[in-house]
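The structure follows.
Every chain is named by a letter (A, B and C) in the order it is written, and numbering of its residues begins at 1.
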Amino acid sequence: MATEPKPNKVKTDLLRVEGVTKVFDGVIKAVDDVSLTVAQGEIFALLGGSGCGKSTLLRLLAGFEAPTKGRIFLAGQDITDLPPYQRPINMMFQSYALFPHLTVWQNIAFGLQRDHMPKEKIAERVESMLKLVQLTSFAQRKPHQLSGGQQQRVALARSLAKQPKLLLLDEPLGALDKKLREKTQVELVSIIEEVGVTCVLVTHDQEEAMTMASTIAVMRDGTILQTGTPDEVYEQPNSRQVAEFIGDVNIFEGQIDAYSTDHVLIRSDACMHYVMHGISGRVGLPVVVAVRPEKVLLSKEQPAGEVNWCVGEVVAVVYFGDHTIYHIQLANAQVIKAQQMNRNTELAEAIASGDRVYASWSGLALVVLVQ
Amino acid sequence: MPHGVVWLWLCWFNKSSICAYWSQLGVMIIHFKKLFSGKNILILLPYLWLTLLVAVPLLIVLKISLSEMSATSVADMVSWSQGWPTIKINFASYLFLATDPLYIDTYLSSIKYALLTTLICLVVGFPFAYFMARAPKHLQSMLLMLIMLPFWTSFLLRIYAWKTLLVSNGIINNVLLSFGLINQPLAMMNNSFSLILGMVYSYLPFMILPLYANLSKLDVRFLEAAADLGASAFKTFWLVTVPLSKAGIIAGSMLVFIPAVGEYVIPELLGGSDTLMIGRVLWDEFFANNDWPMASAVAVVMMLLILLPMSLLNSYQSRQVEFEP
Amino acid sequence: MNKIFARTWLIVVYLFLYLPIVTLVIYSFNDSPLVSIWSQASLRWYRALANDRDLIASVVLSFKIALIVGLLSVLFGTLTAFVLTKYKRFYGRTFFFSMATAPLVMPDVIVGLSLLLMLVSVQHWLGFPDRGLLTILLGHALLGTAYAAVVVGSRLKEMDIRLDEAAMDLGCKPRQVFRLITFPLIMPSLISAFLLTFTLSFDDVVLASFLSGPGYSTLPMVIFSRARLGLNPSINAVAAVTIAVVSVTVIVSSIYQMRTQRKRNHEIAMRYSDGIQ
């Protein structure tokens, strides 16, 4: 019933995961028949809550676990049975996992030494890595002498030193506070793009996924719910689960009143929805309609027309500085949220708690979802 | 050479079975290799070492406890006649143990002394560990070092030192006499008092260390929460501190009780003829009477006695720092 | 009020612990052959010590045994600890775990008796080993293995498992991981384990008595046989020397540890003074 994600532009697929399942102790299915492809140069995010299997999937890619079923292909080569030290894949760990008894220089050089690279080449590569992450003057320090942010940069440099075909990032921004996170995000993406390496990152933070990745796969209970660009996943979620997981959303339960190829009319308790896209179904079929708070407009006057608006009372006004979220209780006791940017300090009509308001939205902003 | 010819002839005529043969051999080699994989060899080495030095000796003790003592060696239990083994089990030692009141008294006495030692160590050691854990941080490592220092000094020498202190013409008595505080030397030696003193002295660090490890990790905020909810210091101690340090108490108590039951050196040097300890009995049976089956039987019963506390310690240790079974 | 109580308790217990040690040392300078009655200060027992051939031979034997025991214990203790931390599931693991921890709590006499009976059976069967250095060594090494396993095991447990994985991710084969990463990081605990098992071996009397043969008397055995007979000033002298050596070692290593820790804390605090992240 939902729209299909747009097909990828023609690019070579670097990573192909086919039907991978991982079962622990014969009972716990951490990863359940997952298939995905990652194109060359992409930053691919696995997004989900704890226990959804994203970390296990990452470990399968790295080689620390072997899949119970399924195969993994990197640049056409089947790497499923290869141990981690033979895969052209490197990982940046959430806790950085820097070797405490080695200096920054030695940490970065470590992987290159395992390859028996000649000494001069190693030195060259380490120097260029240090320059990339701007830690040249810290080369002789040990990890405990570095701040958290510096440690992360060393971890990044170390994982890029061997110029891997695929870079894995395990919750890269997890340990940082908000301000640092924003700054690091930008730096991280710019370094990755400068190097041009393909990336798979794992996170529970949707903001992280949305800002850093070019493709997001939303996971739950070991399966992928939806894959798509951040825009697709946010604006066109394919299920209620995905819609509710990413960002805030208002959900209306209702039934199909009438439908055709380019629109559908849905009746719910509080109002009628005129959705500007077609679906297949039948009259009377129970469905769910979703609209994002930032697409909800508030007004003290009744909007024109009979569809896509409802009336209610403001029960809470939550002020965030740059925007405000209004909680509006409708006639059927359902509470919906509307988000307004605080563009002017004085609004044309100031809306306060207790006011009676009309909430309206465009038919283009609605999405019909599977339950 | 003829074998080779026969084999070649077989190959020629029976190609399929050769394939089967080689594949069989290949599978065997793979299994063999898997058996001797790096991981298995790594496990096997300490496994063999420990089996040889812990499990096998204990089994042998069991075996010998069920046999007779001949002049120079132990008569073999199993003898063969007409291809059938007959096992000769001799319960004489155990019967003797069960019926002779002296042995039973000694076992009970050992348990009694061990329990008393554990209790005193707990009463003295718990506050000690508690105060150590509450001391200012920079002092704690020094306090710890001061507890460890006696532990590193020879245990034997320290017990001997108590001998010099407690004997009738020993240092303590001499000092007290010379100061006129007593008229006659106190009988502090070769009796229950000296035994318990020596035991508590030796085992105190074993009680303090696990307790300290546990108490130093105790979050102060639990106590603050209790105080906030209106509990007095006394109540807080009994209702919050003690239950939370249960693991430490159990570990410490077991580490004291179990070896104390079978202690030999302390009773030998500081005890007397009326302080019955089973460790001494075992030693005497072995060295004085040269009665190996008897000594083994004593050992087996001792092991059975401490098996319960040992398994208790095992299950508590499994939730603690070192390993997880 | 509470603080005074706390301090008093601590001091009293410390006095209790150190009283015998201090008196041993003081009375080693006592001239009188009646150990507990003070006559005058002298060094005569130290001079006698230098000429006490039996005692010196036993010190040498104990030292030799303790050295080898230390190495063996660290080897097998580390293997045991490594196997137990790394492999959570293998055939007979609970059995292995019980065997590894049993010597820690079992009374010495049982360990001694069981080992002796086993070694005698082996001797019957293979013709060797005769009771002597080798047998004492095996007994002490068993005890040492159990202690070393605990010491090394607690350090291994603390170690971040991600370090192993990071090493493998960067191209390290499992054997290399141990050599390059694990081993350097557990080195301090290996040293502690060595010192602990060395001391244990040097100090033990029960196992040595069960397992030794004619002509092989360790220092504790000599001291014990003399102590059983009564008070003996030579023991005081030996004691004082031992205590001096041990104290110096413990104090020096403690100071070294505290200094390293302080330096490390300083370095960690310094890292934020660099300014921007």
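Throughout what follows, a contact is a pair of C-beta atoms (placed from the backbone, for glycine too) under 8 Å apart; a residue touches a chain by one contact, two chains touch by 3 or more.
In this text the structure is predicted, and so the values were computed from the model without any measurement.
Student: Taking contact as defined at the start, I'd like the list of chains shared as neighbours by subunit A and subunit C.
Tutor: Touching subunit A and subunit C alike: no chains returned.
Student: Tell me the chain pair with the top count of C-beta pairs in contact.
Tutor: Pair with the most C-beta pairs in contact: B-C.
Student: Just how far, in Å, is the C-alpha centre of subunit B from the one of subunit A?
Tutor: 55
Student: How big is the gap, in whole Å, between where the Cα atoms of subunit B centre and where those of subunit C centre?
Tutor: About 16 Å, centre to centre.
Student: Indicate the residues of subunit C shared as contacts by at least two other chains.
Tutor: Within subunit C, no residue contacts more than one other chain.
Student: Which subunit C residues qualify as touching subunit B in the complex?
Tutor: 2, 6-7, 9-10, 13-14, 16-21, 23-24, 27, 34-38, 76, 79-85, 87-88, 90, 92-103, 105-110, 113-115, 117-118, 120-121, 124, 138, 141-142, 145, 150, 153-154, 157, 174-175, 199, 202-203, 205-206, 209-210, 220, 223-224, 227-228, 231, 235-236, 238-239, 242-243, 246-247, 249-251, 254, 257-258, 261
Student: Residue numbers of subunit A touching subunit C in their complex, please.
Tutor: Against subunit C, subunit A makes touches at 62-64, 83-85, 89-91, 93, 95, 97, 99-101, 110-111, 114-115, 142, 144-150, 158-159, 162, 180.
Student: Which subunit B residues qualify as touching subunit C in the complex?
Tutor: Going through subunit B, the ones touching subunit C are 38-39, 42-43, 45-47, 49-58, 60-61, 64, 73, 124, 127-128, 131-132, 134-135, 141-143, 145-150, 152-158, 160-165, 167, 169-171, 174, 201, 204, 233, 254-255, 258-259, 261-265, 268-269, 279, 282-283, 286-287, 292, 295-296, 299, 302-303, 306, 310, 313-314, 317, 321-325.
Student: Considering only the defined contacts, which subunit C positions touch subunit A in the complex?
Tutor: It comes out as residues 160, 162-163, 165-173, 176, 181, 184-185, 264, 267-268, 270-272, 274, 277.
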